[in-house]
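Below are two complexes that have chain A in common, paired first with chain B and then with chain C.
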Partner chain A sequence: MIRHDPLAVRVAAIEPLSATLKRLTLESADGGALPIGSAGAHVSLILEGGDRPFRNAYSLVSMPGERGCYELIVRRTAGSRGGSAFIHERLGEGSVIGATVPHNLFPIQRHARKHLLIGGGIGITPLLSYLPALRQGGERLELHQISARDEVPLFENLLAPHAAHDVHVHAGRGALDLSALLARQPLGTHVYVCGPAALMDHVEAAAAALGWPASRVHRENFGAAGGDPFTLRLARSGREIAVGPDQSMLDALEAAGVPVPSLCRGGACGECLTKVTGGVPEHRDHYLTDLEKAEGALVMPCVSRAKNDLLVLDL
Partner chain B sequence: MNDQGIKSRPAYAPLARDPVGRTHLLVADSMAIPHAAFAPGTSLGDYDECWTVEGHSRAIPSAMPDARMHGFRSASHLLIALRRRLAMEYMGFRLYAIGTEAFLWDVAAAAEAAGMGKEEYALFHAGSGARRVLCVHCRTLNQGVTTNLVACGGCGAALFVRDHFSRRLNAYMGVQVDAEMPGERPDVEEIYR
Partner chain C sequence: MSIAFKTDEIFRDGFRYANSDAAILRFPFPFVEDSYMYSVNIEPHVRGGPTPAFDAVLDIDEHYIGECRERALVLAQDPNRCMVLPHMMAAQWDTLELIMESLAADYPDHFQLGKDGDRWTWRNRLLNIEDSFVFGAPETLPFEPFEYITRQMQGDFTLQDQRDGNLYMDGGMVTSQADWSLEFDLGMTFHEWHGPVPLAHDLGVFDRALQYLLRLQYGRPVRRLNWTMTVNPRLDTSPENYPLWGPDRTTVTPENVGDKLHLRVELQTLYRLPRSNAILFSVRAYLASMNELARVPKWGRRLHRVLRDIDPALEDYKGLGRYRRMAIEHLAQFDDGAPTGKGIAPEVDVLPA
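After this line comes the complex of A and B, so read on.
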């Protein structure tokens, strides 16, 4: 059974890692043990008290199986939907917030003969929880982190506990020949990539061109950035809700008090699937099939938007 | 009396080189590869290497063949070289096998053990239709069974050869034919040739 009741967690520590990155340590507000997150799992934080509530998904970077606390790393981004800015500005040690129980849409493939991990920027976070789990299992691994030049020392520092392994930080996409890397992997390798969509698309395309079956390529999807504002009309009530340029449909619905079940908030899990009865969705998810996207009768409000000014939902 | 409507009997389609693969190795348990093994418009020439079983002691043992065509003494000899080869191969490799079912699923087991998945190898049945039959009562493997009924070489049970094929065990299941009604047995027919 999937548990939907949020947990109450207290911010036990906030550690600045750089001008834009903070590491948060969360403990259960009642002092009890937290539900276990496996390697690659994420939690959604439920942040209230701003202009509108935010729900943002973050990968756990604490040791898989840790029950005393959850650790996560939050980057403040210029085009953020507001959640990361809220965490950076408003959240303090001792604050109590809501969090979903951990879910995992990016699990380790246990039958892989080798694990090739590729991170881009803050996309390193789920891979940070992979490293101890893979090392504990004696698994064969290779990690490549692609970073902006000025953040190389930051990621080298985060990866320092694993430096004795096949772990590398590269300054920029151009510093790593992805095709050569994928071409030299032994049979039975699985590749996991987390980072900007362009990087993940590139890895997927390069792997396919080298004869990797699609089942060996795994990507972790974060929420897509915003776009043009548009209006949602709820077919059952006739109510209209504005979706701002830096806001997702799901955030707008939640802010208006319309509950929609959600898990990953990144277009991967399918939990927030909603029927469309008018207008044309602009699909940005990885859940619907190409045929379903072309039909336009379903939409994933966590990441997708509208092609026109108005989208009518069966809500 | 042969088929019981069980769908686990493997189906095989003629082979075609996977256009997205980078290296293509074809293995066969016979030197006589039928044209039917290849999809229309394709041929043996499409593959980078072809390993066959000569079934003769004049085939010279070689741990790691390097010629485009290579003959082995036996299927066992070929499978040993194949396992060594797979341990050294890279993603993008494709494996194709032509031969009897026992050979095909030995190749498939070697591929899976090396971490390959179903998208990375393909099998085509050619040659004898004789079956490897597992006695489900005593676990003996009976080789080369061509009849619907066979006496188990281990426990002597009169086994009915089912169409139930185990990919893991690489054998068809054989069950006591008259377990329900002792003495009630169909006629013996040679149907797997």
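After this line comes the complex of A and C, so read on.
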């Protein structure tokens, strides 16, 4: 009933799509069925490379409902996080890595009259899983992909299986009039956008200016799990416990043999409420009032973290 | 786990219902301490708990056959007890898959699921059902997938669509409810369908619970216990049939209260469904009479104390008004004043004869 993260998955295939893009196919390391991935879902890969594990989230591009494998597309970025470089340089077919159970923060809205999909660059990935799901349900759809000029053939290729539908690739932002696109949609359309933050902000602003309800505008968001590592000090014993980037305070306390009563482990029930005597909590719960959060004297260790390197608890 | 299934139970006039010793010992007694107040008492639905009722993803017990038969009787009279809005078809298949896979894994002697691609074969040996169908093709089943599989389950189910930062009750199979109506609540938001609950709104319980559920993850189901009291072992205490069960409350006497009054506990489990992103809410109800529960010494003591000290607003909402005094006086004989252990476990392995 509970699927424990991470899943062990084996890299079954790596297919280069361009100089910076690779498609990965992952299978369960034990050969069994994988938890179901849906349109818009993502998994986080846990990659043991160097002094700390990388944890990068990628949208699934495999057929929704597929349980034999997960497919995802990874762009090599020159940015600070090393996960994509690790995948491009060091990951080989046959490697076994960790993956979280699919989680969907960008789901299809099932009561929409029409689905308008807008992708920017590699932001096409969740929309690639939308297309077969929407087509299977006989839904009305329209897709616009905005691409750098030199990548237009690449995205046309990825979208080729759906070319008979209302699917278009544009060379550059200037090639698509977003306001005009939104203005001509029928009532009841939902728009989904995934890509650079500036594109998603632009779509949201253009839709708002045309009077679209915010509930019909959807943007990809992997959510904020984990964060920077920090240290807990237990005031009564002086003991210090490290909280890792992907670990909750509650998990770290339990791993160190410090029992804290808990129930929901999701920031709702209040059971693990703990007093803070030093440092500033970063509150992520739904239990404390705004005033209590501002005071910073209480924290819910199941979900919340620390704003600085050290948090002192009355334990 | 060997279950002696009963085959002749009746959950309406002409009642025929009792719990075996094993069923009493596995009862999910809801009171963790000697008093009761609302809280967000949600926890991860991990395998195992204070009694064996928590061992399976979806629990079935000795009353399975009778409860499925009762459901069919209710649906024959009132087909609208099962309704699913059209945009929830993916959630219907999600539900069928979750239930079939869970039952086949947890009770392999009674349920088997065979798959050949999209061609599935389902065997339910307890109800003598065997059907082959194409997963994803509703026309290959005798009912729509949600109704088909929940007809083969104990307990009620609702389907919640998630949109606009809220949950909408957009489907359900509700034949054994504690006085609420699916036909009335269908399409409502989380706060709307909880509207009648006293006290908890002001405590902020529903604001927190909604935020928690919106973040419910696939593969990480959660559970909670809820309770009320029912006169007679009647499953269908619906608003639609109030004329049939409302008068039951006038039939309780000091002489019969111990056998007639039942604690009705709901083991509620919530699952994020993978294809639809909807939430399946399972309300699995367990019934045991005061006298059955009092055979567990700890539970007899605790039930007496909880009913004696309950908040007046809850007394009214739980429908205890007419018979609470009689129940307390009857239960007093089981309460010697001794302290009770924390938690709900019965703390005995066998019951006194």
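The criterion applied here is as follows: the second predicted complex is superposed on the first by the 215 of 315 C-alpha atoms of A that agree within 3 Å, B and C clash if a C-alpha of one lies under 4 Å from a C-alpha of the other, contacts with A are read in each partner's own complex, and residues count from 1 in each chain.
As a convention for this text, a residue touches a chain if its C-beta (ideal position, glycine included) is under 8 Å from a C-beta of that chain, and two chains touch if they have at least 3 such contacts.
All of these numbers come straight from a predicted model, not from anything done at the bench.
Peer 1: Given the touch rule stated above, what does A:H144 touch, chain B (first), chain C (second), both, or neither?
Peer 2: A:H144: touches no partner chain.
Peer 1: Which of the two partners, first being chain B and second being chain C, lies in contact with A:G266: first, second, both, or neither?
Peer 2: second
Peer 1: Touch test for A:P35: chain B only (first), chain C only (second), both, or neither?
Peer 2: second
Peer 1: Looking at chain A, does chain B or chain C touch a larger number of its residues?
Peer 2: C
Peer 1: Does chain B (first) or chain C (second) touch A:R184, or do both, or does neither?
Peer 2: first
Peer 1: Given the touch rule stated above, what does A:H115 touch, chain B (first), chain C (second), both, or neither?
Peer 2: So A:H115 meets neither chain B nor chain C here.
Peer 1: Have a look at where A:G211 lands relative to chain B and chain C in the superposition and call it first, second, both or neither.
Peer 2: In the superposition, A:G211 contacts chain B only.
Peer 1: Can A:H170 be said to touch chain B (first), chain C (second), both, or neither?
Peer 2: In the superposition, A:H170 touches no partner, neither chain B nor chain C.
Peer 1: Under the contact definition given at the top, report the residues of chain A touching chain B in one complex and chain C in the other.
Peer 2: 111, 215
Peer 1: Going by the contact rule at the top, pick out the chain A residues touching chain B in the complex.
Peer 2: 111-114, 182-189, 207-213, 215-216
Peer 1: If we count contacts the way the header does, which residues on chain B are in touch with chain A in the complex?
Peer 2: Touch residues, chain B against chain A: 18, 20-22, 86, 89-94, 114-117, 119-120.
Peer 1: Where on chain A is chain C touching in the complex?
Peer 2: Touching chain C from chain A are residues 1-3, 35-38, 40-41, 64-65, 101-104, 107-111, 137, 215, 263-270, 286-287.
Peer 1: Going by the contact rule set out above, which residues of chain C touch chain A in the complex?
Peer 2: Spelled out, the residues of chain C in touch with chain A are 39-47, 57, 87-90, 102, 161-165, 207-209, 211-212, 215, 217-222, 274-277.
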